[in-house]
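Quick one: this structure, given as structure tokens, is what I'll be asking you about.
All chains are identified by letter, namely A, B and C, in their written order; residue positions are counted from 1 within each chain.
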Amino acid sequence: MLAVSDLKIHYRTLAGSVKALDGVSFAVGDGEIMGLAGESGCGKSTLGKALIRLEERMMFVGGQVALDGERLPIADDRAMNPYRFRKVSIVPQYAMSALNPTRRIGRMIDELLAARGLKGSTLRPELERRLAILGLTPDVLGMYPIELSGGMKQRVVMVLSTLLDPSLLIADEVTSALDVASQKKVAGALVEFRDRGYVKSMIVVTHDLAILAQIADSILIMYAGKLAEKAPTRTIVEAPAHPYTRLLLGSLPEVGIRFEEKRLPGIKGRPPSLLSPPVGCRFRDRCPLAFGKCVEEPPFIEIAAGHQVACWKADAHAQG
Amino acid sequence: MTSTTGSAPASPATKTGRNEILYFALRNTKLLIGAFVFMVFLLGAIFGPMLATHEPLTFDAPPGLPPSAGYWFGTTLFGQDVFSQFVHGLRSSFIVGALGGITAAVIGMFVGFFAGYRGGIVDEVLNMLTNVVLVIPTFAVLLVVAAYLSVRGLGTEAMFIGLTSWPWAARAIRAQTFSLTSRDFVGMARLNGESTLRIIFGEIAPNMSSYLVMTFILLFGGAILTAATLDFIGLGPTDSISLGLMMNYSVMNAALQLGMWWWFVPPGLAITAIVGSLYVMNVGLDEVFNPKLRAL
Amino acid sequence: MLKVENVSKVFRSGAFGGKKAKVIHDVDFEVKPGEVVSLIGESGSGKTTVGRMILRLTSVSGGRITFEDEDISTLRGAGLKSYYRRVQGVFQDPFSSFNPIFKVGRVFRTIRREFLGDLDAAAWEARLTGALNAVGLEVAALDKFPHQMSGGQLQRLLIARALVLDIRLLIADEIISMLDASTRIDVLNLLGDLKRQGLSIIFVTHDLALGNYISDRIIILQKGAIVEMGTTDRVFGDPQHPYTRSLLDAVPHLHERWSDAELKDLGLVADTARFGGHLIEHRKDHLVRVYS
């Protein structure tokens, strides 16, 4: 069970601080796979990374994070160390391509475990068992990274990062760089691991709503450093309440939709600069429903059970 | 798309690239100190010979004098003015450094750019050439050359240094060019029907201008150092004076044992200071051009 | 208009090209005026190589490519320029397609210098404004650096760059895969509008939904060979080749969830690629590779 309240993370830049995450509060329940989606620069990756390690340029400004009732000291890099990998773990986007191409996978894993004070040999049987669950033979441990496909690498990293049964796993754009077939397998692997209880809760960060529709229990939509909408997956896909969510879903081409027959609309304009974000609703410049009240910031409130929205017109337009 | 930019939105740049570099350059102490030292010696090389009251190689002064008002740096064992030798030597060092550095830079750039841009067979042939020059025993060749040339001038020395010191520069430029060539804007330039030369010098080279400046600085310093070494072991010019030759003469005539420090200290100090200042400038430039090294 | 005839590509590597790898196997197709053809395949399928061969950025090892009955491999100098006036490309990464140290307007000045030097200032301005308007951008955008613009804006600028010329065929290589969903559709719609005005487009993508949205015809590539090809309705509506089917099965749909069994089918990935065989006409406008 993860509870985040009023989390604020800024980026230091030469031009000033970029308010990448400007007060977000949400919870992820045990056994829940929460999808986290939005356009680039909306803060979704920042949120994912902040829960495990703040990058050098990232600045903790405020807020609280609690995992299983215990406060996570995310602002303190050293104090976070005992939690990383054991309680919170991450599958980064290009995990394997950042690693040493001259080392065999197995040796690399042993070294990573040793760095955490763990012995590779004692964990080896469990490692191989879990690789097998994801359709990988123990042979991969004797291979070099270049010998594995992108999807296979992602699955190896998944097994490794969940080896100690963390309470929370963050999957950061794990399917983005993959072909459709491997994408499906990695998505399936995430669900499999949750079902087997290797990971209690998951946050799947991606811009791909279609893949979230397949695997997520709930979806959280972010816009310009704020939360826009959170609801069970079915509600988000079938009856979204925030105009941004609706426009986002409406702009997705699907197999079967043809330009000649149905021209999908885009979303006009660009997200605001987060150096000095506008007051009020941040989507109002691009929003077809914007009206006078939108100069005030809409609260992120519950309009139905498990369905929260930050929009003044959400009630009137909720169809679910 | 959160892949490349992370989640920091592209911030509207408040400073354009060039101003930003100037801003950091003027605040980089390493660069400023290096440039200052270098300029002091450069001015000495340019204007020093005008101040010198004696010819560097004529024996018209009392021998073995320590520094005095008449002979600022003293005189040699044979009655030559050390100050005059020093400033003329400084001038030849800069000339050799510049000529040698430019020669090496031109060859290195040509080989590096074409090998990196063309790839394939062109790359293999140029790479082989680079490796051959890299392993040639420079001093052995020079001994042979010295045996055949009775009179050697500064130009010959500079050419020789230039022709033998380019391989590392070619390799570095090749690697940079290779990675830039794979960027799509080079493909775009080819779709414009632009010529190879235009693509190399109009699209690729400007992207590595900082790199080229630093390469030239290192080649320049390297040439000065090599020239001093060659002169010191007696393979330098036979018809003029240089800092290395001064050292050579002073050592051959036991200046150290005779306590004539004014004969060998100025050239030794100058070589160290010039080459040192160039390397310090290089480190400073690296910090200026590379945002990751900039102290915020 | 464009004919790709039995084209193959062999890449050489190692010392003096000692090692050979055949990455394109006898690819053969045609693009008619005003037609959008999608080249669809996974990474390693050779779709980008085919696009680059048509743009002459990569040489052809076997077969030939003709544009308006002219073999493009023989083009030099003025002939090549005239080809690039009619055939242009836009690539995947908008940020890498612009030289990062110059303002984006330089691209247009280069185009004018290389192709349209005889145009007077007024005629050039009119052409430039027309092209920028067509992609929904203002002239003021030219005064920015690439990093000051969004990926979508940059891709539209590159399309405008092609429109300034009298292009007949545009090779769009994964041009929207790096863009956000909200801007993706704008660029796709723009391509659709241009098609209506008679432009032919080769749309290279790994995303079946995008290919489906915009294309008249679909070509499915696997490991460098065409396995299925035909009108969009036929290929997506009634896929024949097992590879096409497996691709379509793996596409996630918004409103339809995979079953648990389907999702957790994590068996070892069988390498389904088979070489050899030949394309037969399954029915009109629908070719499928069969193996004997």
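A few points about this structure:
Everything that follows uses one rule, which is that a residue touches a chain if its C-beta (ideal position, glycine included) is under 8 Å from a C-beta of that chain, and two chains touch if they have at least 3 such contacts.
What you see is a predicted model; the values in this text were computed from it and never measured.
Between the chains A-C lie more C-beta contact pairs than between any other two chains. Centroid analysis (C-alpha atoms only) places B farthest from chain A. Distance between chain A and chain B, defined via averaged C-alpha coordinates, is recorded as 52 Å. Centroid to centroid, with C-alpha atoms defining each point, chain A and chain C lie 31 Å apart.
The distance from the centre of chain B to the centre of chain C, each centre being the mean of the chain's C-alpha atoms, comes to 48 Å. Shown for chain B are the residues in touch with two or more other chains, namely 1, 3, 10, 12-13. The set of chain A residues touching two or more other chains comprises 40, 207.
Contact with two or more other chains is made by residues 150, 180 of chain C. Residues 39-40, 133-135, 137, 149-151, 179-185, 187-189, 191-192, 207-211, 213-215, 237-238, 247-249, 251-260, 263-267, 270 of chain A are the ones touching chain C in the complex. If you check the complex, the residues on chain C that touch chain B are 15-17, 52, 55, 57, 80-81, 84, 88-89, 91-93, 95-102, 107, 110-111, 114-115, 145, 147-148, 150-151, 158, 178-180. By the touch criterion stated above, chain C contacts chain A in their complex at residues 42-43, 150, 180-186, 188-189, 192, 206-210, 212-214, 232, 236, 246-248, 250-255, 257-258, 260, 263-269.
Touching chain C in their complex are the following residues of chain B: 1, 3-4, 10, 12-13, 16-17, 120-121, 124, 183-185, 187-194, 203, 206-207.
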